[in-house]
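Data first, discussion second: the structure below is written as structure tokens.
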Amino acid sequence: MRVLLLNPNTSESVTALLADSARSVAAPGTELVPVTAPRGVPYIASRAEAVIGGAVALEMLAERHHEVDAAIIAAFADPGLGGARELFPIPVIGLAEAGMLTACMLGGRFAIVTFTAALEPWYRECVAWHGMEARCAGVRALDEGFADIATVGEEKAEALVALATRAVTEDRADAIVLAGAPLSGLASRVADRIPVPVVDCAAAAVKQAEALVALRPRKAVAGTYRRPPPKPSVGLPEALGRWIAGG
Amino acid sequence: MRVLLLNPNTSESVTALLADSARSVAAPGTELVPVTAPRGVPYIASRAEAVIGGAVALEMLAERHHEVDAAIIAAFADPGLGGARELFPIPVIGLAEAGMLTACMLGGRFAIVTFTAALEPWYRECVAWHGMEARCAGVRALDEGFADIATVGEEKAEALVALATRAVTEDRADAIVLAGAPLSGLASRVADRIPVPVVDCAAAAVKQAEALVALRPRKAVAGTYRRPPPKPSVGLPEALGRWIAGG
Amino acid sequence: MRVLLLNPNTSESVTALLADSARSVAAPGTELVPVTAPRGVPYIASRAEAVIGGAVALEMLAERHHEVDAAIIAAFADPGLGGARELFPIPVIGLAEAGMLTACMLGGRFAIVTFTAALEPWYRECVAWHGMEARCAGVRALDEGFADIATVGEEKAEALVALATRAVTEDRADAIVLAGAPLSGLASRVADRIPVPVVDCAAAAVKQAEALVALRPRKAVAGTYRRPPPKPSVGLPEALGRWIAGG
Amino acid sequence: MRVLLLNPNTSESVTALLADSARSVAAPGTELVPVTAPRGVPYIASRAEAVIGGAVALEMLAERHHEVDAAIIAAFADPGLGGARELFPIPVIGLAEAGMLTACMLGGRFAIVTFTAALEPWYRECVAWHGMEARCAGVRALDEGFADIATVGEEKAEALVALATRAVTEDRADAIVLAGAPLSGLASRVADRIPVPVVDCAAAAVKQAEALVALRPRKAVAGTYRRPPPKPSVGLPEALGRWIAGG
Amino acid sequence: MRVLLLNPNTSESVTALLADSARSVAAPGTELVPVTAPRGVPYIASRAEAVIGGAVALEMLAERHHEVDAAIIAAFADPGLGGARELFPIPVIGLAEAGMLTACMLGGRFAIVTFTAALEPWYRECVAWHGMEARCAGVRALDEGFADIATVGEEKAEALVALATRAVTEDRADAIVLAGAPLSGLASRVADRIPVPVVDCAAAAVKQAEALVALRPRKAVAGTYRRPPPKPSVGLPEALGRWIAGG
Amino acid sequence: MRVLLLNPNTSESVTALLADSARSVAAPGTELVPVTAPRGVPYIASRAEAVIGGAVALEMLAERHHEVDAAIIAAFADPGLGGARELFPIPVIGLAEAGMLTACMLGGRFAIVTFTAALEPWYRECVAWHGMEARCAGVRALDEGFADIATVGEEKAEALVALATRAVTEDRADAIVLAGAPLSGLASRVADRIPVPVVDCAAAAVKQAEALVALRPRKAVAGTYRRPPPKPSVGLPEALGRWIAGG
């Protein structure tokens, strides 16, 4: 089975972190296909950047979806997920979605813990969009700068462990979702210092992709996630324009 | 006062309908600046198209925001509104937002009535994003084809009146929001055949733009709608890339 | 256009503050008609006083509604608003309603900031009645006495700025609603010291009244805001009794 | 123990129905003190009438509260209940409140069944105010005229049984609250024809009054139901004005 | 009238506390029948123990329900209540249910105050199951050990008064529910040191049992609380197995 | 990896259906260990039976948890899941939980479709307990008898397809969860006749068990799912009593 690991950010180093984490838990027969956004910003951290990243994710999926069995949109708040699920015939899983749903099986409420306060508003909208507010004990973010997006997980490991622990004691979280693609791989290194289960979203996402492929769900032909009817367009990248036109 | 009437669809005819409706209620000193999307689809009707349209709206605002006092994103479910509000220093109002908030002052719950079922899922997500579920009695859509997006309001006037009336009697709606840019101008023609107040979103939006400009709110420098810090980007249209870079 | 600015409190000085604030943003053709409650309490601050003030507001509207195009019930938690909207054929807008709905267009969630803790319970019930809990980041009130209801805005300006700033940093508010008729006019004086947009409710209310009059909504003849059928009564003030009897 | 049975409507015949129903279940030592509103409307059925009735209820309680151990505000949607509970030192129970809370002990969700559609909006607001939406399966009302408020329960018995049965089969109600003071006494006559438990609100209210008196709860001196501080007033009935002034 | 006071814990000393508190407010004709669980744990304090206690409660009710007019499941979070209500023909009331519903008549929101943090998760699930989240200001628990379950109320009286007071000032509670069967009898001893009404759950439960018996509700034969159809079983205690089999 | 497939019902035939469905998607290295309840009812279908089944599930887990890497509680509404998760050190997954969370990745809202109306109330409580109400479009059940629990899926295939289709068109479901252990295996047979993705809960559960085992979450030592402190007990089956005592 081939799984597209689609990074809607332009940072190759973050793609590498995501792929390493996903590979560490992937089943023997799972082949990962990591791709990095050709346009956009190095790291999505605002509503505006998420809209842009969502459109870029659709462009990337239009190019690659026929080569794989499933795709992961590998930025925490799942830019473009709804549109992608509606448009393409393969299972598409969001990084946040996989992390949150997996955390639901490990306790009553999960906390989302991340490395910069800039991400909070977008992450909260993501929780609401997924209808997960009843399961989310809160979003906690460090309120300090960082040196490099590719190594922020290493740099802030101590601070994130402390923050996760506060989420348990102060917010009554039963599980921790370490959020943000750059934190991929951190969970396994700090799990024994946090008193509740910790979820690595890239790892969770690849297992959920494997689960969906194994279950072989059909593409909806009714309901709100059926493929929209063909439509002309102007000025879109060729593959996306063609797919929207029904190609 | 100058108000940008930004149509994120590529249909010039819909822009004309929006502008006519807005002008019919604008105050003497209000100058409308209608613009039509240079790229995208003729009429946004799915989650995927909304993501694309949202990105296009940001590109258009990056080009034009410095020429006006306020902007209206003139597609019903407000594509890109959150990003736009965060990014630009002028008030930005969504078509759906203006229609729904205005309807709130006319009764307890409003119903959203539109011309094609394809729009329902996106509209429902819009209601949820605005936190308006407690005020929304439902979304009702015709379930039939139409001849031309530019004249659908005329073509379907009878059917929409019947649907609005059912929203009152069956869903307990106290007000009707006629939704979708192509229905601009219809409300005033059918108001006397619907037993509760009917809101024309383009008309409501221009009045809300005037209200916000008169109140002169400052641009947030804190909270979740402060302008994001400057960031490099790759491959974005020049004006948007420059603005995201802090220009 | 004539707009009744109905103060359901008996304090003439508060009526003057409301009128000044409203006039500062009113359009050229808008004539304000300020009136002060002839009976009741100087300043409504409890559920019991709100019930009494609501009944007084209906009595005042029965006397004056035929002289104006719209009315504002100018006490923050909108006493009697539902009954007034149902009973009279003109648009009736609440002070809290106008402030909250306007704030919705300026960010994700607003905080309500007021000058005395006595007002909190009533204000919270008002937020709930309007179905605005999803948009309200909290109600914050000073917990200290004040010298004079007519000058409390001046006296407490510093403390209210500090409280509003805490609502932004601690409650994640994106906008501030300065609440309570006696704070009318304060927003414009302190706006540059609060890091998010600040709404003056009297100013917002007059703009919303202008918007509704321009949109010319019909009076509901169905739904829950149609005028109730005529009914006899005993012991009510003459104008209200006559109107309830269908006059 | 003496319990004030306060009818905020002006109909003596309805007061008699309430008293009969309450007496049929009252404990041996419970003395009922029925009183009828001296001003207002014969039967409250709209938001406007509820505001007026709420103010009248406060006036009546100011006159009589020192003569009794507890009071029942005996109109279904509990006009003035919040203000009364805050203002007076005795337990005050609402007719709707007693009916709904009692029904909660008889199943998962209750339906409110009443005799005229005019009451629906006010009843729904009452359910929301009490925070009972999660327990309420719906409000169902007959949509037809009736001959006389004093005998409507008899006249409509068949139709109400049918409506209650539909609430069970269609809305999944586990219990029925027969709502509206004029239906007092009906529950016991029709209970065996409705397949789930049926609550008579007047009967429930007197039992709840007895329960509260037996438990001897203190009057709050903190929280949102403490008595408001003394305040001057103008033009209120003597007893209410004196009590608000701290008398 | 006979009321079964069913303690699903195995502690006889706690049964005695419950019975004392209930007797102190019971009406003259009410005879209490206290019973203690023959198997299970001394004091239920976790989800697992609640499941076990719920099954034991059903076994006890199968043995005794035909001897009484109503039953109280006398552990705070009401283990087995739903099943009991569905299975047996008499009114069954939960300790938490009685405490919370009674508290609803004493203010807007109640706080649940208890003696050990181990109880919090189970208590929160109980509040949610009863649909009471909108009325609950929070659950507050002491975070310290105690000497003996039979005297914990005496031992911790000071600390619980302090905790209840914080619930009023910090969580805006209008009433306090002292939770946990071992705290039975404490409310009356500390009521004058807590500034809002305090509810003793055992006392509230007996009054609610009396109310329900007086109202004589029928057993549901439809809806979700009708008795399930007869079913064979294996390995259940004789009385319960026979009752499930339709006996 | 070994996965306990724990059927809390006493029907061996249903265990066989569950095991067949799970095996059809299990990864090569996954060994299933099916077990059937030694006491209880043949098929849980009410709140009372669920309480009993939950206690039985804990007893079975106490016996077998040390032999496996994860466990599935294989009755749709997950009896005893919370207690099991808190008590035992291995991942425990519920059948309903796995079905619902998997369905969340296939659309916006799922409908639960089952074969008998008796299951509805319990299933609805399950949805609420999991905090999944925002994602659930409804519970739909056939309202007719069936011949044999072991073959009900075959017998009712047509009717269930029709019901699922109605859930799509009338309730706006984007995915279908076929609910109830006896329907295991049906999804793959009818998937092409239902226009949206259909989830087989046993299949989903085994994939989720595999995912959790691969992610190696730690057992919580804090939060609400830490193991409760040791406690004595009376009359419990030996293994469960010993484990509760800390063994």
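Going by the order they are written in, the chains are A, B, C, D, E and F; count residues from 1 in each one.
Assume a contact is a pair of C-beta atoms (placed from the backbone, for glycine too) under 8 Å apart; a residue touches a chain by one contact, two chains touch by 3 or more.
Which chain is which protein? Per UniProt: A, B, C, D, E, F = Aspartate/glutamate racemase family protein.
The structure displayed is predicted, hence computed values, not measured ones.
Between D-E and the choices A-B, C-D or B-C, the pair with more than half the same contact pairs by residue number is B-C.
Each chain's centre was taken as the mean of its CA atoms, and the one lying most distant from subunit C is F.
Among the remaining chains, E is positioned farthest from subunit B, on the basis of C-alpha centroids.
Centres computed as Cα averages put subunit A at a distance of 27 Å from subunit F. Our note on geometry: subunit B versus subunit E, Cα centroid distance of 52 Å, whole angstroms. One inter-chain figure worth recording: subunit B and subunit D are separated by 44 Å, centre to centre, where each centre is the mean of the chain's CA atoms.
Residue positions of subunit B touching 2 or more other chains, listed in rising order: 82, 108, 120-121, 172, 224. Here subunit B touches subunit A in the complex through residues 10, 38-43, 45-52, 54-55, 58, 79-80, 82-84, 86-87, 118, 120-121, 125, 128-129, 224, 228-229, 231-236, 240, 244, going by the rule given at the top.
Per the touch definition, subunit B reaches subunit C in the complex via residues 25, 27, 82, 85, 91, 93, 97-98, 101-102, 104-108, 130-135, 168-169, 172-175, 188, 191-192, 195-200, 203-204, 207-208, 210-212, 214-226.
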